[in-house]
Structures are given as C-alpha cells and as structure tokens.
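The data blocks that follow each hold one structure.
Two complexes, one shared chain (chain A), two partners (chain B, chain C).
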Partner chain A sequence: MTLGGYQVRLQRRVALPGWKAALFSILAVIFGLVLFSIIFLQAGQDPLEIYKQIFSYAFFNSYGLHLTINRFIFLALASFAFIIPAQAGLWNIGMPGQLYLGALAAFGVVYFAGGKSGDLALSAPIIILLMLAASMLAGGAYGAIAGFLKGKWGVNEIVVTMMLNFIAFYLVAFMIKDGGPFMNLGGRGESFELPEAARAPMTGGFPITLWIVFILTILLQVLFSRMSLGYQIRAFGKSPLAARYAGIKPFVIAVLVFTLGGAIAGLAGYHYFAAVPGVYKIARTYGYFGDLSFYGIICGLISLGNPIAALFIALLFGGLSIGGRYAQGKLHLGFGVDYALMGMLMISLVAFQFFYNYQILITKKERALDVDVSD
Partner chain B sequence: MTNAKTRGETIELHGDIWKHIQPGEVVLDAQGITKRYPGGVLANDHIDFKVKAGEIHAILGENGAGKTTLMSILFGLLQPDEGEIYIRGLKVRFRSPEDAIKMGIGMVHQHRKLIPAHSVLENILLGHPRSKGVMKLKEAEEEVAALAKRYGFEIDIRAKVWQLTEGEKQVVEIVKALYRGAKILILDEPTSALTPLETDRLLESIESMTQDALGVVPFITHKLPVVLAISDEVTILRRGRVVDRLKTAEATEQILAQKMVGRPVIFDLQKQPVEPGEPVIQVENLSARNNKGVMALNQVSFTVREGEILGIAGVAGNGQHELAEALFGLRPIEGGRILFLRRDITRASVQERWKLGMGYTPSERTEVGSIPDFSLIENVAMNYYFDARFNHRGLLDYGGLRRLTEQIIDEFDVATPGPDVNIRTLSGGNLQKVILGRVLSRHPKLVIANLPAQGLDVGATEFVQRQLLAAREQKAAVILISEDLDEILSLSDWIAPMYEGEMVDIIPAAEAKKEVIGAMIAGVHQQERES
Partner chain C sequence: MLTFLIRSLEAAMIFTFAGLGELVDQRAGILNVGLEGIMLFGATLGFIAAKTTGNYLLGFLVGIGIGALLGLLHGFFSITLGVDQVVSGMGIWIFGFGMTTYIGNPYTGPLGLDQIPAIFGVSPFVYLAVIMVVLVWFVLSKTGLGLKIRSVGERPGVAAVSGVSVTRIRYMSVIFGGMMSGFAGAVYALYYNPVWNYNFLMGWGFISLALVFFSMWNSYLLFGGAVLFGLLWQLALNPQMFFPGLASRYIWRMVPFMMTILVLTLISSKWFRSRWGATKPEALGLPYHKE
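So, the complex of A and B:
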C-alpha cells in the first residue's frame, strides 16, 4: 500500500517481548475507550465524566471495589477453567455446568451436615474444607465427562460441554426450586441460606477465594512453563500428531485438562454462592452467573492462555461490569451501555493482537515508471 | 500508483504480449532481484537470470539457497525489495499470483494444492475465469483433454484427485497451469515425489512443451541427474547469490554439486564393515491397515541385528509407511508380534518404546516429527520430557535441555540463529538434522528412519546418510525406508523390497542388483511367481 509517496508495508514479527504485548493491550484498552466515547458524545454525554464515574466506582470506592474484586475472582477462575483445556487445543464451553455442579456439591456438604435447618454436625474449618473439596470434585468430575468422551472416541468437546450446561442448569432448578431438597424454606425459588459457620472466611475484607486465585495463578504458571505435564499439554495443543509420536497419551491429556478445568470452574461456583458476602445461597438468578462465566472464554482468549495476563484482563472486565452498571444507573445512560462498552473493549483487544504478529513499516517510496498489471 | 494511461496500455498489452514468439528470444528477464527477510536474512541478493523461449532453465540450489524466495517473487507471492522483472521486454510488477497468471506465468508447487474429493477437471477449472457463472463443462473437458494429449500426458480427467498417484497429481497441476494460459512454467522440485518411471515420463512431456516455445523453469534441489537430463541452461544459487550460470552440456554431476554446496561432495559413502551382533528387532507376521481401513501390511516378518541396516525399498503406498508406524506403536496392528531385544513389545505404548531404546524419524517432519510453533529446545524436549535426566519430579530441566539442544546444533551443523527460535523458521534440511540429532542423542538400539533424505539437498542428504552409518557403527540396528534405490543400495546391509504390503524378498545388499530390486518394487517379480 502506498500513501503519499510513502510505502506502508506489513512485516511479520520474529519475536515479541512480553512488555510489548502488555503495552499493546493497554493501547487497545485506550483505543476502545476513545472509540466508545464517540457513542457517548452522540448521546450528548461527557465521556470523560462517564469514564471517571466507572473507574472511580469500580476501583477507588470501597463498596464498589469489593464488588469488583468478587467479580474478578469469579472471572479469573472461569478464565483458568477455560485456559487449561485451551492449552491442550480443547474448548471448554462448560464452565456454567461445572460451576453449577460445584455449587450444588458445596451446598450438598452443608445439607448432609444438617446445615439446612441451622445446626452443623461438623466444625466450621472442616465443613469449609469439605465444601471446597466437594465443589472441585464435582466440577472436575463433570468436566471429565467431556474429556473422557473426547479422549476415548473423539466426541466434540464443545457440543458435549454445551449440552452438559443445560443438564446442570435444570439440575440446579430441580434442587433449589419448590419441592427440591435445597429449597429455601421461604420458597423464593432459591436455595437455603448457608449458616454462619459454613460461609467462606474473610481476610482483609475479601473472601479467601481471592488467595486461591493467586495461588492458582502461580501453580498454572509453573505448570505451563516448568513442568513436564504442562509441556505435554502444550505439545498436544500445538500438534496432537506430533504429541502422539513423542509418546504423549492423548486420552490422559484430554481427561486431565477437563478435570482440572472443571475443578477450577467448580471453585468459581463455590466462590459466588458460598464466599461472596451478602449472597451465601444459590440465588434465583444463578443462570446469570452461568452466563457471566462465558467471559472467562474471552479473558482466556485475549490473554492467549497466559494465566498472569488473564488475571489483569479479568480485573479489567470485573471492574468495568461493576462500574459500568453503576454509571449507567447514576447518569441515566441507556440500557446495556455497560455491556456494549465491554464488547467494544474486547473487540479492540482482539484486534490489537494483530500487532503481536505484524509490525507496520513505513518507507519512502522511490517512484518508478512501471507497468501495473493489476487491472 | 498507476495513472490511467499506463493502466490502459497494460490492458492492451495483455492481449498480444505473447504473440509472435521466436525460439531463443528472452521471454523472462529478472534483474537484480533482492529480498531481505525480517531478522536480516538476505534470501535473494541481486539475482539475475533470463529464460529464453523454447528453453528449460534449471535453477539449482540447496535448501535455504533462496530458490523458494525467488520463485515466490516471480509468481507474485512476495514482492522484491529491489530488482525488476521484464516479460518480453515489458517491465512488470506482480502484486499477487493473479497478476503473474495474467502475464502468462504458471507455477506448479511441490506440495500439491489440489482438492482430493473433486475430479481432475474440477480441479483444473477451479479459479479459472471459465468457472465463473455457468460453466460449459463439456467444452472445457474437450479443451483440457486436447491440451493433455498435445503434451503426452495420460490422465483420466473425470477421476477424483484422491485416486491419483503423486505423479498424476503433478501432471494435473501442470495441465492446470497450461490451461490458464501459462507461457512460462515454474516447476518446484517437479520430480521429488515421483518414482523413476514417472520421472522419465514427466521429463518427456516437459521437453515436448518447449516445442511450443514455452519457457520452463524447474527448481531443483538434489536431483542432479534430472537437471542434466532436461535442462538447456542452469543457474546455481548459494546463500541467495548466483554462483554460476552454465550450459548444461558443459556440466557434470560433480561440477554442479560442488558449485551448489561450495565444497567437493563425495558421492561414494565409505561404509565401514561392521560385524552384526545380537538381534535387536524381530518381527513376526505383522499386519496392519492403512487409513482407509484397507489391509496395507500383510504378514511381514524380518529380523534386524546390531550393526545392520535393513533397507526397505518400495514405491510410496506399498505398506512401508504402515510398517514404520506399526513398529513404533503409532498404528494399531491386525496381527503378528514384535520382539525388541527379545522382549515382546507388541502391546507397548509409544512412550515405553522410546524408553526401551527405539527411535523413529517420521517422513512427515512438520506434521509429526516436530512442532512448528515450538522452539528448538521445546522440540528437543519431545524425546526427553519423560527422561529422568531432564524430568526431576515432574519439573523439566529447561537449562539442561538448552545445553543438549546447543550440542545437537553444534554436532549436527544446524543453521539456526539459536535454540530459542521456532523450529518452523528452519529449512527442510536443518529441520531434519534437528529431528535426527534429537533421536540419535538418545543412543537408540533401533532407529527407524522413514524417508530420511527425501526432499533434502545434496549436502544435507550426505550428512543424514553419514549419521545413519555412524549409528550402525555404534551397533544400532537401522531400518531405512526409502523410495530412492541408490540410497537403499549404498547404505543397506540387507534389502527388503516391498510391493502391495508384502516383503517380496530379503536380499543381502552385496548380491542385490538395482534392476532386480526395481522390478520387485514394481511388482514384476510377483507376477512372474504367480504365473
């Protein structure tokens, strides 16, 4: 392409340092915000004021920050649940189902310990550990179904996880709605409330699941960059044929990544229904959180499978979804503005990944009398 | 950058640019073609060459000499940084292959780009202006058939492409290019996948094309006899530069090889006598199916001992590939038994086979033998992630793997900027060196080498063959699968020709004659026995 005597060319990058990748992501966010401000201007609003409201509420207001962090924890877990199978080249679309199962299992522990009516048969630390373990086991087992079918017979994992989501959705409905074993005694279409002792402990104002996220980030980073197992997962993801030749067992990998991913999604279920202050029950609107977990796919894709990058993306979208909703209410913006803004940033982030692979070169063009044959 | 005037001229020129060609006239003139890749690699450094009508102008060079880059520039796939291309004296610039095709340049790729489920005719018409809107299939069919006949190509144009042999697919590509009006035909390693018989036939047809004053430019790596047999003139490239240009009549195989590699090449591999030892692998009645579910390997039995090379000769698709995969546990077997070091490994996993001391270098080097998006280090890890030397309680010793990779780069003379680059940036020969180096670094007791030198240039071929001989001298057993009879004859201790999934015979190499083996892999022997 030529522009006014200058030749603009695209050149494939040989390598991209990590700091540049981060820089492009930041530029992408700024670009997205600038682009979206056109829409605000169109509506006669001051974009700077709106962005100020969004970010100050999401990250600098004590109440908003708590909401942001809780959402961040959830999104980060959902991203990890997607990233692990994604590194093996497999698509986990089953976070909703896996997190429903995780939540049900955690509440099941309380139910069997007699917590529905009030008094628990077990001490608080034990019940909390059991709940965490149960949510991971249930989510992992639910994920493993897709991994097993994929590894054994090559059944498409996207279809399986999607279908399992429906089953889990209605299983939750069966358990918590009228007549279900976990039904709230008030019959509001939600589950019983967790007794005090079964609620996740708080540290520094945030639930312990925040620490679980940080520990998982380190573990995943070590898994993929240092461990033989992580190597095998990545090798399988890049080239299943070459992995098989190298002696990597496809069945083991498929089952393993879906079990791990499912277990982490199960934790996300635990987090929202048993660790977020003010909830402590499987809410009537549990389907909303299922849908929210799909943002994990986007965070996972934008971060290109890097758990640390996923953390930042999850924080951004966690904050935007909270701050955006707040600003929408406060400034009387149109319905869905918060989602539109998030969508714009996602597109911008994905589009900027073009620069991960290409760089633009501008050189002065020498004019030549040549015959052009592209008529 | 085009103003209306030149544009108008161009269209006019299209119509008659190819009229009144005189044999011997310069039809393609490339001057000072220069191309620099990101990272500073100078792939083409002021390359000049001319193609005359009615002439076959071969371009010879090792992998990485810049042939592919030059070819891509001529066909509009890449734009040169410097340099000009003239077609019949008219300066042209190709922005895409579409432009090149319009100017009468046709290209036949080494890796054939045909759609297997479609018929030959459909493939030929694909992308042709004729295939827009309503296709006059009948008319097109006649034209294509006439064109094929003119140059002596025998193809069934209604056959589906998947039914064709590699040689026939090559012909389809050529006819496709000709049908699109190619006057200058660029052939990328035209004979690399063909059997000797198919090669002869193809060369005849290529020669007949020059009668119509077409310019033909075959790009060839290592098949020097092919260059000598067909070309009129040859340009030799090394490291992006033209090192020489000469009349083929004045050239010999030795001269060409030396100029291409930059040092004298010894065609005669000095094979040391090795006393065979204990049996390493014993195969009994092994059978397996191919990917289509048809029995492709039928009751094959053989033994290879320490210090022996068993050469498995055969035309592609006669069960050698299935044999290699079945031996390595990559393909389920239908029957039979495999003993490795007298131990039954018929049911062993692939990883166990690696651990026991088997090694395999696949023919599909980019799809199976390596992971293109992984670094050299990570590719070397393919054979070591399970090895206690590099796997400490689940943690991989990347530092140790780096040292090992550097050692392989060093010992195997791999041309690469370093161990951290993605392996996809390596040329074919260097890729194979890494794969072979990685496998041999395990000091395997058995090496299965599937088409180890296919598509490699003279220098890399010689290197790979020497490494296999070195493994033999270190008392490894080697199973060498090759379609190149000369390679089989010069390396093997025993030769097993395969035909239709069976081993026709196992002959001591000392007693083997090329003609006899050639007949056996063509099925002649079989028919004689049956009748």
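So, the complex of A and C:
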C-alpha cells in the first residue's frame, strides 16, 4: 500500500522484545478502557470524571480498597490457574468449576468436623489448614480430568473444561439447595455459614490468602524461569512436536499443568467463600462469582504468562471491577458493568494480538529495484 | 411423551443451526470456538428487539445481523490480522458473555409475545433445520462453491494457485457461520426459552461446537448428534418421566454435560479415528499467508 510517496507494509515479526510486548499489553488495556467509556457516554456521563471516581473509590477509599484487595486475590489466583496450562499451550477455561469444587471441599471439611450446626471437633488452625489442603486437592483433581483427557486422547480441553464448569455448577446447587447436605438451616438456598473458628485468619485487615498469592507468585516465577520442569512446560507450549522429540512426555505435562492450575483455582474458591469478610458461605448467587474468574483468562493473556505482571494486572482489574460496581450504583447503570468491562478488555486484547505478530513498516518509496512478485 | 419428543426436536434444531454454521466455518479451515458468544449476542439482541417492538421478524433479523457482524469480526481478526483463531474465538465468547450480561439485564423476564404457531404440531424451525441440513450437504459436496470451501480448508495453498481466493471464501464462510449462530441464539431466545436470564444459554454454544467435532464435518451426522443431545437435554429436565424418584434434579441436569465429555472423548480416541476415519479439515485453525 502506498500513501503519499511512502510505502506502508506489514511484516511478520520473527521475535518480539519483552518491553515491546509489555507496551502492547498496556496499550490494549488502555484501548479497552476507552471502549468501556462508551457505556458512560451512553449514560450521559463524562468518562474522565467517572474514571476518576472509579479509581479513587477502588484505591483511595478504605472501604473500597478492602473490596479491591479481596477481588485482586481472587483474580490473581484465577489468572495463575489460567497461566500454568497456557504456558503449555493449553486452555483452562474451567476455573469456575475448579473453584466450586475447591469451595465445596473446604466446606466439606467443616461439615465433617461438625461445624454446620455445633462446635468444631478440631482446633481452628487444623481446620483452616485442612480446608486449604482440601480446596487445593479438589480443585486440582477436577482440573486433572481435563488434563488427563487431553494428554491421553487429545480431547479438546476448551469444551471439556466448559462442560466441567456446568457439572460443578449443578453439584454446588445439589449440595446447598433443596435439602442438600450443606444447605443453610434457614433454607434460603445457600450453604451454612462457617463458624468463627473456620474463617480464614486476617493479617493487617486482609485475609491470609493475600500472602498465599504472594508466595505463589514467587513459586511460579521460580518454576518458569529457574526450573527444568518450567522449561519443559514452556517448550511443550511452544512446539509440542519438538518437545516430544526432546523426551518431554505430553501426557505428563498435560495432567500436571491442569492439576496445578486446578489446585490454584480451588484456592480461589476457598478465598471467595471462606476468606472474604462478610461472606463466609456459598451464596445463592455463586454463579456470578464463579464466572468472574474468566477475568483470569484476560489477565493471563495480557501478562503474557508472566506471574508478576499478572499480579499488577489483577490488581488493576480488581480495582476497575469494584469501582465499576460502585459507579453502577451511583449512576443507576444496569447490573453487570464489571462483566461489560471484561468483554471490552477481552476484545481489545484480541485486536492487539495483531501487533504481537506483525509490524508496520513505513518506508519512503524507492524506485522498484527488486520487483515484488506477490502483488 | 409426544411433548417430550417435540421439545427434544426443538432443542435439536438450535444445536443444528449453530452447528451447521460452525461446520461450514471449519470446512473452510476457520475454527470459531466463540459461537457461544455469538449465540448469546443473537439471543439477547434478538430478544430485546422483539420485546420492545413486538415484532418477531425483526428479532430474528437482528439476531442474524449481529451474528454476521461478529462472524465478520472473527474473520477480520483471524484472516486479515492473523491472530490465533482460538484466541480470537475465546475473545468473542468473553465479549459476548460480558456484554450481553450488561445489555440484557434490564430486560430480564419473559418475552410476553404469543408463541410462534406450530405446523403439524412441530415448530416451523424444525422443518427449516432439516432443509438447512440438506442444503449445506448439497452445497458442500455437490457444487463448485462447496468444492472451493473444502479446498481452502484442506490445502489453501493449492486452492490459491488454482485461482480460488482463499480470503474471500473464508470470509464468506465465517460470516455464514456467524449468521447461523446468531440465528440459533435468536431461535433459542424467541422460541425455545423465551425468558431472558443471566447466562441463560447454558453452554449450548459449546455443546454445538462439540457436535461439530462429533459430526466428522458431515451435516447429516451433525443433525443426528443434535437430535441425540436434544433428547438428552429433555431427559435431564424431566427425569421423572422415565426414572421417577431417581437422583436429585440437579444431578440430572449434569447429564448432558457429562455426555458431551464422554462423546468427545470417544470420538477423539485413536480407535474411533482409525475405525471411522474422521476427516478433520487439513488446514483447520491454521492461518493462510500468501507467499
């Protein structure tokens, strides 16, 4: 294409330096926010003013900040659950299902310790440790189903994890509704409330899951940059065939990444239903919370699989979605502003994928010395 | 019992519409994993259009129109921009899921229009689905256009050399796929389940996607699979008809999803592939770059 004596060409990138990739990611987020402001314009509001309010509520208001941090923990865990399989080139969109299973397992521990109606049979630290372990085990085992099917027979993991989401969704309904074992004695279609001793301890006003996120970030960073296993996962993600020749077992990798991802998603379920102050039960609207974990897909893609970058993006998205909810109430916007934000960010991200693959070359048009045959 | 069978067929027709679109897409080498998002958009916008104007036709047209636009978007991302097709498809799904949750929420509740009348006891869309199945089969296997579509899905390089515009055929297919998915969504929201609710499509787009893999890219097998899943879905909703008192209703609701996994696993196995020779389009999911 020629524009005013300059030739504009598209060229496929061979390699993309890290800082450029980061720049495109940041631009994608900004573009997504610009798209999102259509909603405010449509409501007759000045987007800049609203964004100012969203940010000041989400990050500079004590109440809002607590909500933001709690959602940040959830989104960070969901992102990690997506990133680990993504590094192996596999799509885990089963975070909702895995986190439901994690939550059910954690509540199961309390149930069997007699915490549904009376006092706990075990001391608080043991209960909490058991709950954490159970949520990871259940989430991991549930994730492993998709990994197993993918590794053994190459079954499409996107469809499988999505189907597992719905199965887990109804499993939760079975457990907490219609006289299910975890049903609230008041019969409100939600689970029993956790007794005081089974709630996640708070440090400095935030639940301990915040520390778990930080520890996981370091572990993942070490896994992917320092350990041979992390290298194998990434090699498999880049080229499954080449990895196979190098002696990497596809089956082992597939099961492993989905188990790890599922275990972390299970923790996300623990966090939302057993560690967020004011919740401490599986609410009737658990489906909304589960689906929020799809933000993890966007965080994971934008951060290009880097756990530290994912942390910052999860914090930003956590704040935006909480602030969005606040703006929703203030401006009387419809329900689901945070879902709309999710959609806008995602589509913007996909559009920006183009820049990861191509670069635009603008050169002054020379006399045609080498004839381009393809045009 | 008759109602049960009719409802099953009506569920099947929605799987069929969405699946046929995806089938043509994939035959042309484009994988669109985001048909759930397109269906959600077609369902939600079609529902809103019909509810606010009281005009069914407008609802369906809006559904088809938004489907075409989203198909075009997927084509633009994956054909022109060369974005990974799975990334683009997932993007369209999350875009559809997020946006329709917000857009549709004020319209939560029933449609409030008279049900579209049945013809000989069966919804007119069932007949339309059967016609479309035959039509898609005919076009794909008996016409020059079908040959072009299949060739760009198998060997785009060879097709291009023999004078077929890979880009044009792929765009046509992906827009057709979008229109069918949008229409399927509209039929769901305007006929099958005319009550808007949060995420009311319940993964039907993903089930349709699985059905395309199951069909081995043959429209008759797709229809067969769709009928099977329509029956399963109705069974999961009304287990008391056949198994009174057996297991909670929530457990029954899991059955179609479990079956999807089971069927998908079966057809992915080496035994099945070597026995039946599933013919996956050679260039499925691969972008085509002109050399």
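Everything below uses one rule, namely that the second predicted complex is superposed on the first by the 285 of 375 C-alpha atoms of A that agree within 3 Å, B and C clash if a C-alpha of one lies under 4 Å from a C-alpha of the other, contacts with A are read in each partner's own complex, and residues count from 1 in each chain.
FYI, contacts are C-beta pairs under 8 Å (C-beta built on N, C-alpha and C of every residue); 3 or more make two chains touch, one makes a residue touch a chain.
Keep in mind it's a predicted model, so treat the numbers as computed, not measured.
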| item | value |
| --- | --- |
| First, second, both or neither for A:Y231, with chain B first and chain C second | first |
| Chain B versus chain C as contact partner of A:V159, first or second or both or neither | second |
| Touching partner for A:K177 - first (chain B), second (chain C), both, neither | second |
| Contacts of A:V337 with chain B and chain C, given as first, second, both or neither | second |
| Contacts of A:L349 with chain B and chain C, given as first, second, both or neither | second |
| Chain B versus chain C as contact partner of A:S239, first or second or both or neither | first |
| Partner chain(s) touched by A:I39 [first = chain B, second = chain C, both, neither] | second |
| Partner chain(s) touched by A:R12 [first = chain B, second = chain C, both, neither] | both |
| Contact breadth on chain A, by residue count: chain C or chain B | C |
| Overlapping contact positions on chain A, where the chain C interface meets the chain B interface | 12, 374 |
| Touch list for chain A against partner chain B, complex | 2, 11-15, 226-229, 231-232, 234-235, 238-239, 241-249, 365, 367, 369-375 |
| Touching residues on chain B, where the partner in the complex is chain A | 1-2, 6-7, 9-11, 13-14, 38-39, 84, 90-96, 98-99, 102-103, 328, 330, 349-354, 360, 362, 364, 367-374, 378, 381-383, 385-386, 391, 394-396, 398, 421, 425 |
| Chain C partner contacts - residues on chain A that touch it in the complex | 12, 39, 91, 93, 149, 153-156, 158-160, 162-167, 170-171, 173-174, 177-178, 180, 287-288, 291, 294, 297-298, 301, 334-337, 339-344, 346-347, 349-351, 353-354, 357-358, 374 |
| Complex contact set, residues of chain C against chain A | 33, 77, 81-84, 86-88, 90-92, 94-99, 101-103, 105-106, 198-199, 202-203, 206-207, 209-210, 213, 248-251, 253-254, 257-258, 260-261, 264-265, 268-270, 289-291 |
